[in-house]
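In what comes next, chain A is part of two complexes: it sits with chain B in the first one and with chain C in the second one.
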Partner chain A sequence: MSSLTARVITGSLSQIGSMILYIFLGIIIFEVVVYLVLGKIFKSKYTIPYMLLAPAAVGLALLVIYPMAYEVRLAFTNMSLRYFRNYNLSLVQGLKNFTLIFTEPVLKQLKFFPLLSRTILWTVINLIFHVSGGLVLAILLNRHMRGRGIYRTLLVFPWAIPQIVAVLAWRGEFHFEYGFINVMLQRIGLQPIQWMIDPFWNFTAACITNIWLGIPFMMIIILGGLQSIPAEFYDAAEIDGASNWQQFNSITLPMLRPILTPAVILGTIWTFNNFNVPYMINRYELETSDILVTALFRAAFEYNRYGFSAAFALVILFILFIFTLTYIRVTGGIKGVYE
Partner chain B sequence: MKKVLTVLLVLVMLMGLVSITSAKVNLVLWTKEGEEPLEWNKSLVEEFMKANPEVTVELVKKIDVEVLREDFLTASLAGAPPDLLWTVNDHAGPFVTADVIDPVDGLFDLDIYVESALEAVKLEGKYWGIPISNGNHLMLLYNKKLISKAPEDTDELFTIGKKLTQEGNYALVWNQTEPFWLVPWLGGFEGKVFAEDGVTPTLNTPEMVATLKFLYDMKFDAKIIPPECDYDAADTLFKEGKAAMIINGDWSLGGYMGVLGQDLGVARIPKVVATGTWPKPYTSGVYFMLAKGLSGDKLKAAQDFIGFVLSEEKQIEMVKLLNRLPALKEALEDPLVTENPILKGSSDQMVVGTPMPTVLEMRCNWDSMKPEMLAVLTATKTPEDAAKTMQTSAESCIKALE
Partner chain C sequence: MSGKIKAERRKISYLFRRKARGDSPFKRFLIHVALILACIIAVYPVLRVVSVSLRPGDRLLSTSLALIPDDASMQSYYKIIFEKDFLLWLWNSLCITMTTAFIGLILAATSAYAFSRWKFPGRIPGLLFLLTTQMIPAAMLIVPIYVLAVQLNLINSYRGLALAYSVSSIPFSIWILKGYYDTIPRELEEAAKIDGASQMSTFYKIILPLSTPALAIVFLFNFMMAWNDWILARIMLQREKIFTWPLGIWTLAGQFRVEWGTFTAASILVAVPVMILFLYSSKWLISGLTAGAVKG
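== the complex of A and B ==
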């Protein structure tokens, strides 16, 4: 198959090359148009800055604004397998889609609110372990000790592996017959666990995987925050006779807040929207292990309910938007940016 | 460094320019095949391209049939589908409903193919695929080193099974995660997934409850199957000689022949004693399907490629390599097929099978049966409750299709 490999490489490079060529030609034509319109017709003194900004603006419009607008439009259609090409676009259909999300099962049995509750549970469990685990490890690493660099490297390791690869490796370890975890359980005289088909254990398996993946990020962020706290604060506290707990509570935590706030917001959004872990670990499509985004994916691409799914996606976006606003307001976490 | 990168970029762009201006016809073929059949796919593509230098066939392997279905719909929606599909017949239902494939009537001489294979892709009075192989059905495969004769009925299966299952070895393995493996037993208990109209689900029936109870007994009472077993685990256990019997499809015959050789036996899935009926696996086949709007040079190239793959020579090659029943009438009458004990066993199972429904509603049945079968096999639901949920799930799914 060596000749095929060479052909595949050449073919792939040709496809990439033609794509780059099209983009390159497109940019040139676009720049010429901008130059002629702004520079020659309107004689604008900002012609050059606009020309420099134009490709990025077009890129953003194509990659962000257009898909968002398409999504909103799709939410007001009945597009599905039955109406794949001949779908209707109407306000009534949009309202129907949004109503269906809250009144009918999103997939087979599960309705929206139980699904939302599970997603919140999933997010809370993961975030508690991410932040507490990251904090403990960061505190442990934030002191002089032999081999600190090695520990740090090892602890960051899960973050360095592409998520999908790590999740697939974990899924292998949860295999009933050949997985490392069950093999170890049997070695110590325990019963193997049905990680893949038992609803409780499948959800647990997804949590374990995501906790393992998420701790390094929090650890690095918190470690950065800890290292930015001046040592003088702790020296002064020690002179005043403050205990370790008092130092942690009165110096470390408040000083970490500006760093923890965006990290927790990001962590929440990433976990809430985490697709790879719950989807890949839930190999047999147990509805009991689905969270909002995996249910959304299944509704769109397995059940082909495109209009409904677009509305569903907007609801998820709205939930995260409200969460972020509330969290920022309650914690005052990004006050420092404005003050 | 900058110069090197610039030169590389220009080279890649030049390659792109050459490909844009090239007069070659490029066909993209998505296949559902894996392992040995995929190797055969590759060799066919290679051979065809050598003989037809003006055509390039880009073979893309999809992880499984479900991924192929989902990706094809998504690609069609995006306006960039592949040109050809090598897939199973039940995809015809959703693809025809979504209007993403074209009928093949008038493009090929369909009289040369086995009628039952063609009927499996007939919808709205038209044919939507060209059959490559006939069958795609489940059967009982056994390792003659571990068991001299396949059990005739379920009582015998349980009796032999209890003797064979010990210390990490199992009597029988099958993919416990897919309802495709439940269907033969449901047929054995004389149940069907649809009512007479062919679209109303009939999943909450005494026959379905009996089938689920039977699967539960097989796992928890007789304990002749592993506690958890997906396709790969079943396949590995059988190939490693840790399972005496496996229920698997005709697509796996070539692989097992390679591992077990003459020790591989093929038989019908044991008769259900409670009803006296043979289990009825779904029968269908593997098909070429044409993406919507294929025309001009591409259509001509696709016709040539399909003609090449479905020539008698290549159909016989498929029999030799993969032990699949050919869809071409001439090839089916070849002594290689009629005198092959493995294929004889396979066709013996096929005659008691039942054609797999291609209607869109079948998708809802599959999706509804899967989690409930798993729930019974993890003892988290009773067969009665599982059957009830299957029915309501299927009904709500069908409602959502509207």
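== the complex of A and C ==
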């Protein structure tokens, strides 16, 4: 209680109050300008929608487009903690940054291509377990039975708990002496595992945590999909003498596709960019457990190489961009946007 | 309305029953066993946190697997509330998160209306742009955001973080709200227009009240996103007095010395309200997610 004093509370309230006041003043002035320019000078019939959009557009321009452009600029500098104000900006420096990414270690020893392949491995392992685990649980849950609601609520726990809490708690459970996994292993007479020091087991620990965290989302999405499949399909299949496996293969899976495809793409992007799990589980900062995003964070904020990290971020973004484009090509993805 | 829903429900439960009749008792038993196992795996780590938080201070580290320790005590809870900065962290989080959620909601609600009701030039590029910004993870922009925040003197203040959060959630909010507005019939607005209402007053008096569920979902989404974020807070806040709770909890579970008691007690205190809110609202959250996804 000691630190949350009345002075602190009034201080923060006045900070927020003044901020909101400035934002609203800014919005009003800006709206008036938009109104005068579009409505009075150009007499546009779209004055109202543009006025509605203007604040959000300015916000996005200032906080997404401008940082993005600034990142490109940073990628061509040698900015670091040492050269924070007096960095130099040149094409040569930019080319140097981009070649460094592929030729020299990104952190201390870790090179780019092993890092990329580990990130892909991480994404694939997690996604396979998320989808198959979610599918199995959803199929088990998709029937009339006692305790269905309770099962569903309990199974959603990993998704409901704040991620930081869950990940830090799991990190504790990978403790060599006191974590429950090692305690249980010892009780059944096996050797305890060096989760935090051994590179392979540390990566496995991160995978276990993330699989535990990710299954409920897939389960709920797939359960929604299963419930929209009419039972008549299965009745008809049964009359025709189809086995369970045949029913699953030719009714359930194809009917789930429209729901599964966006869930998988979302899952891929989330897992590829998952920061909390690999960063937090990796207590001793083993470079062998880093994926692209955590390596980027370390390069920027532990090695303080801002220019280099900006170039690195652009490379990662490029990979993501290629992935998304391929996805849109393959699935004919975003037609719904236009309607 | 409710009669129709009831009939629908009866039909659904009938369908379930019909399916379940096919399962032999043995198969049903196996299914229950499998589900109970899965539930234990899902819940056990959470229960462990509860059990550690109840241990008295001198026995925090122990190999016991008992869920409720023999000599359970509230020591750790007392310590986290009265001796640590925990309440301050919660307060900081609350300030930043509420500001974020409100600003984000207002900006998204108005822009989504423009996207839903007018075919202005630049509409489709705008929607596509919103979609692409969602593909850019926040982690990719941390370097420029950090450098800019240092240069604009926004480090260690609520302002920088609240602005960053509220904007980063706008694209998603606009998509959800636009999808919802699209389902409100235009006839309502036309009728109001004939009665002499202006475009903006129909928006405030008809569209916004009708969209309360969607607005609530968006508010909740923005709130949760900012409430649980760690990485942006980590680079923007460096003084311990202005930490948000994820940063605070992270320092408790420090790199080399973990304060198990206070860490677990703080985790429980934060997680319980969030989990209740999540479980209570999960039905709407999911329907909002899928509605947005299906409508495109």
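By our rule, the second predicted complex is superposed on the first by the 322 of 339 C-alpha atoms of A that agree within 3 Å, B and C clash if a C-alpha of one lies under 4 Å from a C-alpha of the other, contacts with A are read in each partner's own complex, and residues count from 1 in each chain.
Convention: a residue touches a chain if its C-beta (ideal position, glycine included) is under 8 Å from a C-beta of that chain, and two chains touch if they have at least 3 such contacts.
Only a predicted model underlies this, so the values are computations on that prediction, with no experimental measurement involved.
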*Does the chain A-based superposition show chain B and chain C clashing or fitting?*
clash
_Contacts of A:I319 with chain B and chain C, given as first, second, both or neither_ = neither
_Looking only at chain A, is it chain B or chain C that touches more of its residues?_
C
*Once the structures are superposed on A, label A:G11 by its partner contacts, choosing first (chain B), second (chain C), both or neither.*
first
*Using the touch definition from the top, say if A:M255 reaches chain B (first), chain C (second), both or neither.*
neither
*Who does A:I20 touch here: chain B (first), chain C (second), both, or neither?*
both
*asked:* If we overlay the two complexes on their shared chain A, which of chain B and chain C does A:I120 touch? Say first, second, both or neither.
replied: neither
_A:M196 in the overlay: touching chain B, chain C, both, or neither? Say first, second, both or neither._
first
*Touched partner set for A:Y151, first chain B, second chain C, both or neither*: second
*asked:* In the overlaid three-chain picture, which partner chain does A:E302 touch, first (chain B) or second (chain C), both, or neither?
replied: first
*Which partner does A:I229 contact after superposing on A: first (chain B), second (chain C), both, neither?*
neither
_After superposing on chain A, which of these stretches of chain B ends up overlapping chain C: 77-85, 167-175 or 293-301?_
77-85
*Contact residues of chain A, present in both the chain B and the chain C interface*: 1, 3-4, 13, 15-16, 19-20, 84, 177-178, 283, 301, 306
*Of all residues in chain C, which touch chain A in the complex?*
12-13, 15-20, 22-23, 28, 31-32, 34-35, 38-39, 41-46, 48-49, 52, 61-63, 65, 81-83, 85, 87-88, 91-92, 95, 99, 103, 107-108, 110-111, 113-115, 117-118, 120-121, 124, 126-128, 131, 133, 135-137, 139-148, 150, 157-159, 162-164, 166-168, 170-171, 174, 199-200, 227-228, 230-231, 234-235, 241, 246, 249-250, 253, 255, 258, 260, 263-264, 267, 270-271, 274-275, 278-279, 282, 286, 290, 293, 295-296
_Help me check something: in the complex, which residues belonging to chain A touch chain C?_
1-4, 8-9, 12-13, 15-16, 19-20, 23, 46, 48-50, 52-53, 55-57, 59-60, 62-64, 66-68, 70-71, 74, 79, 84, 137, 140-141, 143-145, 147, 151, 153-166, 168-173, 177-178, 180, 183-184, 212, 216, 220-221, 224, 227, 231, 234-235, 238, 259, 262, 269, 273, 275-276, 280, 283, 293, 296-297, 300-301, 306, 309-310, 313, 316-317, 320-321, 324, 334-339
*asked:* Touching residues of chain B toward chain A in the complex: what are they?
replied: 9, 11-20, 42, 46, 56, 58, 66, 70, 73-74, 76-77, 94, 97-100, 176-177, 226-230, 233, 236-237, 360, 367-368, 370-371, 374, 377-378, 380, 389, 392-393, 396-397, 400-402
*chain A to chain B touching residues, read off their complex*: 1, 3-4, 10-11, 13-21, 24, 80-82, 84-85, 104-105, 108-109, 175-178, 192, 194, 196-199, 283-287, 301-306, 308
